[in-house]
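Look for chain A in each of the two complexes below; its partner is chain B in the first and chain C in the second.
Showing the complex of A and B:
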């Protein structure tokens, strides 16, 4: 990066370190932090949408829909989530390829699951074998996002379902007495009021989501854990910047990153909670009212 | 090969007893059930020991965090923050890398050489991490319970002249346990779920002796078929969770036995997954 970095072997001390920390691979490492943040930014709304759908299904008056919604939320209880992460990525990948296979190669006669192999026709590979590496990375990332959204959606559904139940019944009855229909009550009264009840659960979920991001590594995405292992491993003299095993320091840096993330989120979420409690018929809202007068 | 023979060969494979080689081809359902079930031994081992040791340490931490003296409070607060604020996955990596750096020939202390290489093995290293982790999470639960002990209880203790250690042992601690127990049950369940991370983080599985998820992913790697091994893991864990709820429910009933039935705290399974 710097012009003085051309010959690393002649460098000493801080110069060496500044050159070492700006190598191409380290730049990739810094970008991978963005991958993690992107995952968080994309997954959170998606999971919330999944959760909202799940909670609405679980409240539905029709039995089959209700069973579907409750089943979705119950699915993730009792089973370690990492099982879901490992399962969904392969299952999604295979079902997408299977569907594409059915569309593109209708007259393919060989069995798809033959003994120990899962083999679809070459045209059904997603993404195509010939496509550039970046598409493979993006595809892997999208699969990871869907998996995260599915699992965390179930947790969000649980939280939102509880929040919807927590809105005082009298509020809904009043709305009905004013002649609002079912949809209007839901949109105008239930949904605006439920957030204050949902927020503690949702902020807990956000913290868990932050702490779940290292699992991206298990899903084969080149995230910060991948690079920390890659860069930290001992480098012999054949490398431009030889050093002993420094993985401990890289993981310490990751630890600090995650601690900063959770601390920052905690501060922000406390503020949001205070803002949302304003004027609500809850203990926190009442305390604010008393403090103001 | 009959299923009983498979169980005899692989039932204790995860602790190194029985057939040395894992099955390579023609994976029968019986083999998958047996091997994954044998891996469950490790999950139970990690869970039970981390929980037992963590319980004691968590009590001490909760008391330290509630202490008036900053000397006791600050370290406890930091400890809890570090372990609750960072992913368990990273903690495993970090612990493994740190433990590997310990000198291989042992530590020489006053002429006595202490063997330390076993610390980097999963059975010890991962157990230490899980122990510290669950201690931090449980301490936060216990601390919350300690703070929500009804004021009247403590005033009553004062009125009877109960103070100091006997006030803690006879009034505060039992109430703290009773209030914390439903949340602690969830913590226990998710600790058992967290044990599946051990062999996916830094700790290697020597001689292919791994936990339930390790064997499941072994089968998936070999067959490219996730639809059998992972549901088997799920099945085992649902059984494990039910057993835990049963045990903790019994303790909960005992803790609440003096209360009228409508005031007892019920255990409610709340989702809180990865740490």
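Showing the complex of A and C:
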């Protein structure tokens, strides 16, 4: 990065360190923080949407829909995350390629499945073999978001389902007495009131999601934990910047990052909780009302 | 309608099918000097040079991909890359699921490295990387095996006392031992395992395998492979 960094072996002390911390590899490390944050920002709302859908299905008066909603939560919650991440992603990737294969290569005669091998025609590869690495990374990232959203959506569905059940029946009955139909009761009374019950569960999920990002590496996306391990490992003279085992320092930096994320989330979640409790028929809402008078 | 949208999205994603196919080379990127990620963040090492040269000889466009060692064979089989070139020893067990080219590194020795030369490598705790020929050897030797996902962690385990010795390719351990300032020493006997290091491909990819096989033969014949071996591993190792 700096012109003085051309010959690292001649550098000393701070100069060495400043050059070391700005190598291409370290820049990749810094970018991976952004990858993780992007994943969180994209996954959280998607998972919430999956959860909302799942909870609505689980409450549906129609049996098939109810089975679908409950089946989704039960299945995902029952399977260990790591199995899900290994199995589901490969299945998703292969089914996408299989679909493209059907469209693009109808004349292909070789078997697609050959023992353990999965082989579609070259035109059906997603992304194409010839496309730049960045597309492969983006594709991997999108698969990661879908998988994370599906897993955390199932947990969120259960939380939201419980929250919907927790809204006092009297509130809904009152709304019905005013002549609102099912949809109106749901939109105007049930949904606005359920969040305060859902928040503790959802904030738990958010915290777990923050810490689950190292699973990204299973999906081929290089996250901060991968880089910390790779950069911190002992380096022989074959590298431009040899150093002993520094994983401790790298993982300490990650510790600070994760603690900062946790603290920040806690502050935000407390504010949201206060806001949602306002005017609610809960102990917290009651306390707010008393404090105001 | 939904299917139509999905198909359109997929077509958009995969648009621009180039006529010349790119061959993706999968490596671990954590096994210097065979393959590692250099400070610029690129794949480097002996296999980088050999791989680039072989692609040139076979007139192929190649691209490098890194993956963790644990999933290197399943990822090849599901088509995420086309070739494994990651210091993988040719063994009968692996040849059941992969098609290997001829070796581009002659059968090399594996060695035990410990804090002192008189460490008991047959009865103590020995670390090795998961899914390697070395870990299988340790498991069969009577020593207690501790496995790690990356080669670096196997060495770190000896340094911090978790394991008595590490068992790995000698070529990987040599620079570590030489630069440890006397901290490490060879222990036990050296062992010959495997039939040398080769490239692994899907069994159905016979055409590509033959191309690389021919390119390796060319490099062996004109001596350029030996030059690279000496450049990265020193002049004390076996050559062709």
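The rule is simple: the second predicted complex is superposed on the first by the 290 of 293 C-alpha atoms of A that agree within 3 Å, B and C clash if a C-alpha of one lies under 4 Å from a C-alpha of the other, contacts with A are read in each partner's own complex, and residues count from 1 in each chain.
FYI, a residue touches a chain if its C-beta (ideal position, glycine included) is under 8 Å from a C-beta of that chain, and two chains touch if they have at least 3 such contacts.
The shown structure was predicted, so the numbers you read here are calculated from the model rather than taken from an experiment.
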Please tell me, clash or fit, for chain B and chain C sharing chain A in the overlay. clash
Check the residue A:12 against both partner chains and state whether it touches chain B (first), chain C (second), both, or neither. neither
Partner chain in contact with A:181 - chain B first, chain C second, else both or neither: neither
A:90 in the overlay: touching chain B, chain C, both, or neither? Say first, second, both or neither. both
First, second, both or neither for A:258, with chain B first and chain C second: first
Mind working out whether A:131 is in touch with chain B, chain C, both or neither, as first, second, both or neither? second
Counting only touches as set out at the top, which of chain B and chain C does A:215 meet: first, second, both, neither? first
Once chain A of both complexes is superposed, is A:24 in touch with chain B (first), chain C (second), both, or neither? second
Scan A:240 for contacts with chain B and chain C and give back first, second, both or neither. second
Just to be sure I read the superposition right, which of the two partners does A:118 touch: chain B = first, chain C = second, or both, or neither? both
Where on chain A do the contacts with chain B and the contacts with chain C coincide? 90, 94, 116-118, 217-218, 229, 245, 247
Provide the residue numbers of chain A that touch chain C in the complex, in ascending order. 8, 23-25, 27-28, 90, 93-94, 96-97, 99-100, 103-104, 110, 114-120, 122-131, 133, 136, 139, 217-218, 220, 229-230, 233-234, 236-242, 245, 247
Within the complex, which stretch of chain A touches chain B? 76-83, 86-87, 90-91, 94, 113, 116-118, 151, 154-155, 158, 204, 208, 210-215, 217-218, 225, 228-229, 232, 245, 247-248, 251-252, 254-255, 258-259, 262-263
Sort out for me which residues of chain C touch chain A in the complex. 6-7, 10-11, 13-14, 16-18, 20-24, 29-30, 32-33, 36-42, 45, 61, 63, 65, 67-68, 71, 74-75, 77-80, 82, 97, 150, 152-153, 155-156, 159, 175-176, 179, 202-204
Complex contact set, residues of chain B against chain A: 25, 81-82, 84-91, 93-94, 97-98, 100-101, 189, 193-194, 196-197, 200, 213, 216-217, 220, 222-227, 230, 233-234, 237-238, 241-242, 269-275
